[in-house]
Amino acid sequence: MSDAIEITTLHEMTPGELGDFFALLADKQVLATKDGKPYYRVSFCDAGREVSFPIWSDSTHAAACRDEWQVGDFYKLRAELRDSNYGMQLEIHRIRPVEESDKQDGFDPLMCAPRSKFDPEAMYDEMMQIAEEAIEDEALRELVTGIYESHREELLVMPAAQYNHHSYLSGYLEHVLNVTRNTRMLVEQYHQLYSDADPSIDVGVAVAGAMLHDIGKLRELVTGPAGATYTASGTLIGHILQGRDILREAAVGTEVDADTLLRLEHIIVAHQRLPEWGSPKPPMTPEALIVHHADDLDAKMQMMVAAIAEDPGDGEFTSKRNALRQPIYRGKKEPGEAEEE
Amino acid sequence: MSDAIEITTLHEMTPGELGDFFALLADKQVLATKDGKPYYRVSFCDAGREVSFPIWSDSTHAAACRDEWQVGDFYKLRAELRDSNYGMQLEIHRIRPVEESDKQDGFDPLMCAPRSKFDPEAMYDEMMQIAEEAIEDEALRELVTGIYESHREELLVMPAAQYNHHSYLSGYLEHVLNVTRNTRMLVEQYHQLYSDADPSIDVGVAVAGAMLHDIGKLRELVTGPAGATYTASGTLIGHILQGRDILREAAVGTEVDADTLLRLEHIIVAHQRLPEWGSPKPPMTPEALIVHHADDLDAKMQMMVAAIAEDPGDGEFTSKRNALRQPIYRGKKEPGEAEEE
Amino acid sequence: MSDAIEITTLHEMTPGELGDFFALLADKQVLATKDGKPYYRVSFCDAGREVSFPIWSDSTHAAACRDEWQVGDFYKLRAELRDSNYGMQLEIHRIRPVEESDKQDGFDPLMCAPRSKFDPEAMYDEMMQIAEEAIEDEALRELVTGIYESHREELLVMPAAQYNHHSYLSGYLEHVLNVTRNTRMLVEQYHQLYSDADPSIDVGVAVAGAMLHDIGKLRELVTGPAGATYTASGTLIGHILQGRDILREAAVGTEVDADTLLRLEHIIVAHQRLPEWGSPKPPMTPEALIVHHADDLDAKMQMMVAAIAEDPGDGEFTSKRNALRQPIYRGKKEPGEAEEE
Amino acid sequence: MSDAIEITTLHEMTPGELGDFFALLADKQVLATKDGKPYYRVSFCDAGREVSFPIWSDSTHAAACRDEWQVGDFYKLRAELRDSNYGMQLEIHRIRPVEESDKQDGFDPLMCAPRSKFDPEAMYDEMMQIAEEAIEDEALRELVTGIYESHREELLVMPAAQYNHHSYLSGYLEHVLNVTRNTRMLVEQYHQLYSDADPSIDVGVAVAGAMLHDIGKLRELVTGPAGATYTASGTLIGHILQGRDILREAAVGTEVDADTLLRLEHIIVAHQRLPEWGSPKPPMTPEALIVHHADDLDAKMQMMVAAIAEDPGDGEFTSKRNALRQPIYRGKKEPGEAEEE
Amino acid sequence: MSDAIEITTLHEMTPGELGDFFALLADKQVLATKDGKPYYRVSFCDAGREVSFPIWSDSTHAAACRDEWQVGDFYKLRAELRDSNYGMQLEIHRIRPVEESDKQDGFDPLMCAPRSKFDPEAMYDEMMQIAEEAIEDEALRELVTGIYESHREELLVMPAAQYNHHSYLSGYLEHVLNVTRNTRMLVEQYHQLYSDADPSIDVGVAVAGAMLHDIGKLRELVTGPAGATYTASGTLIGHILQGRDILREAAVGTEVDADTLLRLEHIIVAHQRLPEWGSPKPPMTPEALIVHHADDLDAKMQMMVAAIAEDPGDGEFTSKRNALRQPIYRGKKEPGEAEEE
Amino acid sequence: MSDAIEITTLHEMTPGELGDFFALLADKQVLATKDGKPYYRVSFCDAGREVSFPIWSDSTHAAACRDEWQVGDFYKLRAELRDSNYGMQLEIHRIRPVEESDKQDGFDPLMCAPRSKFDPEAMYDEMMQIAEEAIEDEALRELVTGIYESHREELLVMPAAQYNHHSYLSGYLEHVLNVTRNTRMLVEQYHQLYSDADPSIDVGVAVAGAMLHDIGKLRELVTGPAGATYTASGTLIGHILQGRDILREAAVGTEVDADTLLRLEHIIVAHQRLPEWGSPKPPMTPEALIVHHADDLDAKMQMMVAAIAEDPGDGEFTSKRNALRQPIYRGKKEPGEAEEE
């Protein structure tokens, strides 16, 4: 495709448009015509559109389709989008597997994976903004933001988990930003409420803890086209211990004082609260207690909202087959409501 | 004491002042002088001052002290406060047990019980203010505020528990206000975050649930001079079920729709989340999930802050003898800090 | 079917008889004759008989069978029962879906659901008889029997549960009657045994508690042709709390004294004994203790007996796939025993 | 005491009576008169009366009292009971420690231990009567009654436990008789109810199981003056396994068929239902299920009744310091009731 | 097969060899040739070889294959082993089902079941050798070895369990030998380490306990061609209690002293340590503690090693579908390693 | 004490000997003579002897005793040991608090703390010897022994715990050496037994893991005269995580390969096996499984042996008041045995 034309995306094309774009071969099946002639039905997709159409046995692509095209592989296509009686179809002019160099043209192997509905860059910026405002201790703030900056690229795409909650691209940022917002609101509230506490409840430490509580996922998980998978050390050691490693490694040589660092480590270690929930130690500081609740609520809330959104039924309750393993109450549809939707 | 003078309070008196005031006889002990003559040492107190002094055997009050004065009873005294070598003392002019009619002069049998550091009236007003702002559904708002108004006097003084957390006068209001604030912040956050949820996350229901989650304590506990104690129905039935009773009884004849009422009942029923923590049903709505976390965090936070404040030691950790049954981290005192306090 | 003849039932008909009756279309399948001609095989049933037979393509009902007859619907038929080489068959003269007015002629949408082997009316009467004999306190007895009379129709058919134990029509009555019998025997025994107990063990309260312990199922479950299903409030609140509601609502205005009512409420609340088994409070009275054991034994006994009866194997033990999730011992069949049965 | 007079008992004596009797020295304390002369205050008791009185330093028994009398030992006394200003007192004529031969005169080392309020012989006879009526299989009946007859003497006095429930003399018989009665009532009920069960529910096996479920206490406990204590094998092996031993040893050479014996062993093994409650296997037969409930109810009922009777307070609830470790509801005293008692 | 030739085994035959041997018909499937002619594909196996080959429709065995040969039955074959293009095949000369008398010729119905890779006779001998060396008390040694000698034949083949660990022929011996070795090493270590313990830690009792800890499996399990299955008493009573029975029965009349026997019984009873793991009593002697750990480690180790060996995947971790229900870490294959294997 | 004489120890002195030695003032009480003159009774001790004697009011040390001597402080004494009617006494010639420089003369602030009966140097050497023999991988061996060498001084004295097991000086070495011996025996056994495992069971990794499993106690505990106490990080983070830190810090720059290091970290993390026992991850390698059992057995064995040795009673069982919270079986004393001891 040396005579390259502007790269577009499948889901942005309009009927009649000819474009170069990247797509995943999502499906390929052998079918037969009424008079018994075999042909293939293929589906190409990107994150926003899936197009299915036949490759007839007399097509110029018939042999390649049969022998070479692999479901699960990405291709660069030059094709025209057509609106037929059978829905949208592609008339393929050229097609080849993607190459390493296509990344320069914007090819992203994660292009088809589900992703957060929030913009990762905006979430990242808000996180930095919160750190700026809420962490007064300069050494502490630089430690936290430094860790983020060192792993910016991964953090922008990483899911929060393999399954369970926020298990889609940028899910990590979405979850941790919510936890950080919750933490900030709550800790500022309690800092003021218990203004005579000694030591006083520390807004900066709590916010820093919220930002870093799951940072070990950087080492526990590997993000791939099919979602996150566990690393060997992730399974054998786990993100709680690995997150503390990242913090301790980054803290070497900084001016963060020892007690602050210890409190921050403790937030990471204690954020799941009970041994059977994964934490070797329970929260023993107000800051660790707040981060635990801010985290637990956000994780369960996302599971609950997703359970309602994804439940296939239309009853008052979802089934138990969701991340919370319990029914969620949706309530009755108002009369007429079903039709409007 | 017909020739009544202005009623003052013990803790407001200044040395040399003569005043009429109410006080609790907190202690009475027989001691002996160096030459073997017995005398009594008595302690009178109100919420802000305790004064201990001798009643000598030749005092005009000696016989009454020995035969009539009961530790734990309240007295009306006319006495002069004196600053002696042995600390503050009272020279009693007149003394008699309090009478029913003293309540008109401001006698309050709860006068010596520990109480919230926050003003109950202000907390009550803030609660009403939040209801006004955050519960849009008028019928629902009136249901909730109506319940509060019907029990205003009790709610102003009721503790939140017999032991555990907020177990002092007005502790109920302090705790529930915190839970309501937390809930409001969190539910507004998630309402906006999941703006496309269907049904949408309901700010008004969550705030109403927060305000009413512990309302059953009205029937579970009785507030007395020695703190809260359990009623028979409180022990046999419990505040979760009794709170739902109060709600259902108040809802009869209102225009709150059935589904809203059911969601509100569910918040009360589910607010302790697990059967072994006291809830027959787990949270099955986003609103119930939020109230659970808002409540659990506030209860544990108060226990933690109180554990630090009340721990008799001065180590880095409190002992385990507190409501959370675990050590809480206080950290090291800075050099020189101890002296200043 | 204006020229109506006497209504009979399918399972009471004898070969050669022509009758009008109601039946459920339980199955409908397309088959083909040896020479390739398609036909339908249909099955009609009531609670006591299922008849399967072909509808040939040249039948007068062929078109209706193909296009209109729905598996799961009830029909009124006029048909002759015939004993053929292929078993009992029906020669249909007339057929139409049931109509609302058929209920007057005895049509019952629950006619095919499994039901208790005991007569509901007889069970109901025995329950009333026990109340009459064992509950001496007149106000209490009238409260309990009044609740039964107000819900007589539902109680006569309601299952005791959706799954687990006694999950068939009138299963509620069967279970609760057993619990009431057990309770009466046991409480009379212990009343006499501990004749010097103060307060004495109360036969009437225990029997009333047995009769009402599961009364909340009236609001927790809805009985339909396919068995019981949960209501929204049943899932969000549960039958223990709802049963107490029914009791409290019925008690308004009666002369049942407050302590008796409280003890009765407590029996309902505590009858499952442990939080993880569903009860917010453990039994704190002898009467509540007895009802718990009477109930728990009867539920498990029915599960055990049903597990043996329904286990498809013929080994010494049933499999674990039953409501108790454990093997039940059946023992060895004696030689020759199998043949006799 | 060669010139023996009729032996009486301390609690049957009347003021002014001189008698020979056995008594336990329950207490001995050194006190001093107003003018500083030391004397002893001693207490002698039997099961029905305790008498405390001084032994002055000039008494003929003064030296023996000081040097020889041991608290916890039994003595034979010839003494006169006197009604003094200080209550009942004894004027001792003769006193010596009990001897082995005193047992012929009715001395019983268990004479002071608390005991069942029911007559052991009558309970034993009722147990035999039930066996006669309810166990039809002759070999089985003889096996069970044979075990009882072989251990008749121990069974008549043995407590049911060291602590917990029925922990007094003849407590074993009282408890096991109750369990057997409960079992018989329940199993006859279910035998009839599930008359079509295959195999049918076996009344004789259940009743035999009830009678033997705790028989291992014969080897687990040793009965002494101070109540029951554990044997080494009782602690290391336990009464469930040891009861099965007794049964198996007795069954050798009888005609009880193997399956019946196995079902009976299983009842013993499974009667505590859950591993953490002491049973290695859960009930897997209807008979074992019934015996479990009959046993569990009786044990808890006795704890509850005893908790109410022994609670030192007079509130609506007992404290938690009882065998059930929970408050038991006693209810309000009626006005005036307290005075009458 | 009157003209019997030397009996061989399938897995010892070489291509071209004609032999008489026993084999299991492991599989039989109907297939069709390209031109539509049906034929059978059969698989015969012994413990070391499985041979699959066609039985054409014109074969002399075709009718018998279709009508008589049963998958799961054993046959005696005279056949020639041939190495074809399609792998090893059998040309069957004669075939008949095995008969009772074939056992004399070495037929063993367990011939195809998986078995320990260790020689049972050698393991048995080592066990006796350890008893000889490590159990000094002669009466005790003879008790233990006597039990083994009485059940020698069963012990040589018995698996250790139906599922879980060592669930193959001779698995009992393999497991118990490992436990005995572990126990001996550990108890000799601790005997020496705590040489001043009183009583001293007893090597002989611990080793005897190790040898007998699972002896009840003799009564709990029945070994058959398809592996071990539970007896009725095994399910209702269990191997822990039954093992103690075997010991006690064997101990009657021996000179083993009572305390030693009690300690040995306790080891059996306590070897699974916690009630929920199957032991009614926890280890209360050092010897019981050692046997528990020796046993628990060996069982889990075999599960872990088997999980790695049998996991179908090739990732760094096994799946969770193994006896331990958790992933096991296998680690990365070195580059090139896969090819070598 | 310039005219210094040879330093001896209190417990090595013989009656009549005059010596210089260090001792702890363990007790000091005011008593009075028969004629009412007050005097002090003081106790001085070292690890092997405690001497109690009076300081009369006319003694030259009377004023210092009263005003300066502090219980819990160490002193250097020059005194003569005398054997009086009241036991051993000291006639003090000179006495002063110990000074920093006394350490050069052998003063050790831990001199009175209980300590292992094994020689720390010998245990340390055996540990190094095992490492030498059993860890073949040179980089791994040097990593492990390097950690030991860097902390040699602390490891020689450190207890294994504050309470529970091996909670005395050098208890760490004693425990870890036992675990390492157990591990070595067991892993060599299983390495050979499963010689075909892939990967093979790694003797060196298991032994290294045993040596390091508790190394985090270096940071969790601080050893003082009154035993071990927890550091702040020990309570907030815990020795499992801190031990992994020590390992990872020491591994930086070594040639230990990544997979070996990960397996070693996993042994530390998993050595307590279950979350509720303290391990965030369960053993997922054979080596981790072995170290867990070797550790758990040794800890419990020491508790059991200590419970028997320290139990104050003389019954067949110890009480439950020991580290295992259960009775331990000691057995009957042989007749005559009691007298000899």
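When the chains are written out, they are named A, B, C, D, E and F in that same order, and each has its own residue count from 1.
Keep in mind that, in the parts below, contacts are C-beta pairs under 8 Å (C-beta built on N, C-alpha and C of every residue); 3 or more make two chains touch, one makes a residue touch a chain.
Since the model is a prediction, treat every value here as computed from it, not as a measurement.
Following the contact convention of this document, A, D is the list of chains adjacent to both chain B and chain C. Think of each touching pair as a link: the shortest run of links from chain D to chain F has 1 of them. In this structure chain D contacts its sequence twin chain E using mostly the same residue numbers, the overlap exceeding half.
Looking across C-D, D-F or D-E, the interface that copies B-C in more than half of its residue contact pairs is found at D-E.
Centre-to-centre spacing of chain A and chain C amounts to 49 Å, using the average Cα coordinate of each chain. Averaged Cα coordinates give chain A a centre that lies 51 Å from the centre of chain F. Our note on geometry: chain C versus chain F, Cα centroid distance of 68 Å, whole angstroms. The set of chain B residues that touch two or more partner chains comprises 232, 235-236, 263, 266, 284, 317, 327, 329, 331-332.
Interchain contacts (touch definition given at top) occur between A-B, A-C, A-E, A-F, B-C, B-D, B-F, C-D, C-E, D-E, D-F, E-F. Chain B meets chain F in the complex at residues 316-317, 327, 329, 331-332.
If you check the complex, the residues on chain A that touch chain B are 178, 181-182, 185-186, 189-190, 193-194, 197-199, 259, 263, 266, 282, 284-286, 289-290, 293, 296-297, 300-301, 304-305, 308-309, 317, 326-332. Across the complex, chain B is touched by residues 232, 235-236 of chain F. By the touch criterion stated above, chain A contacts chain F in their complex at residues 232-233, 235-238, 240-241, 244-245, 248, 262-263, 265-266, 269-270, 275-276, 278-281, 284.
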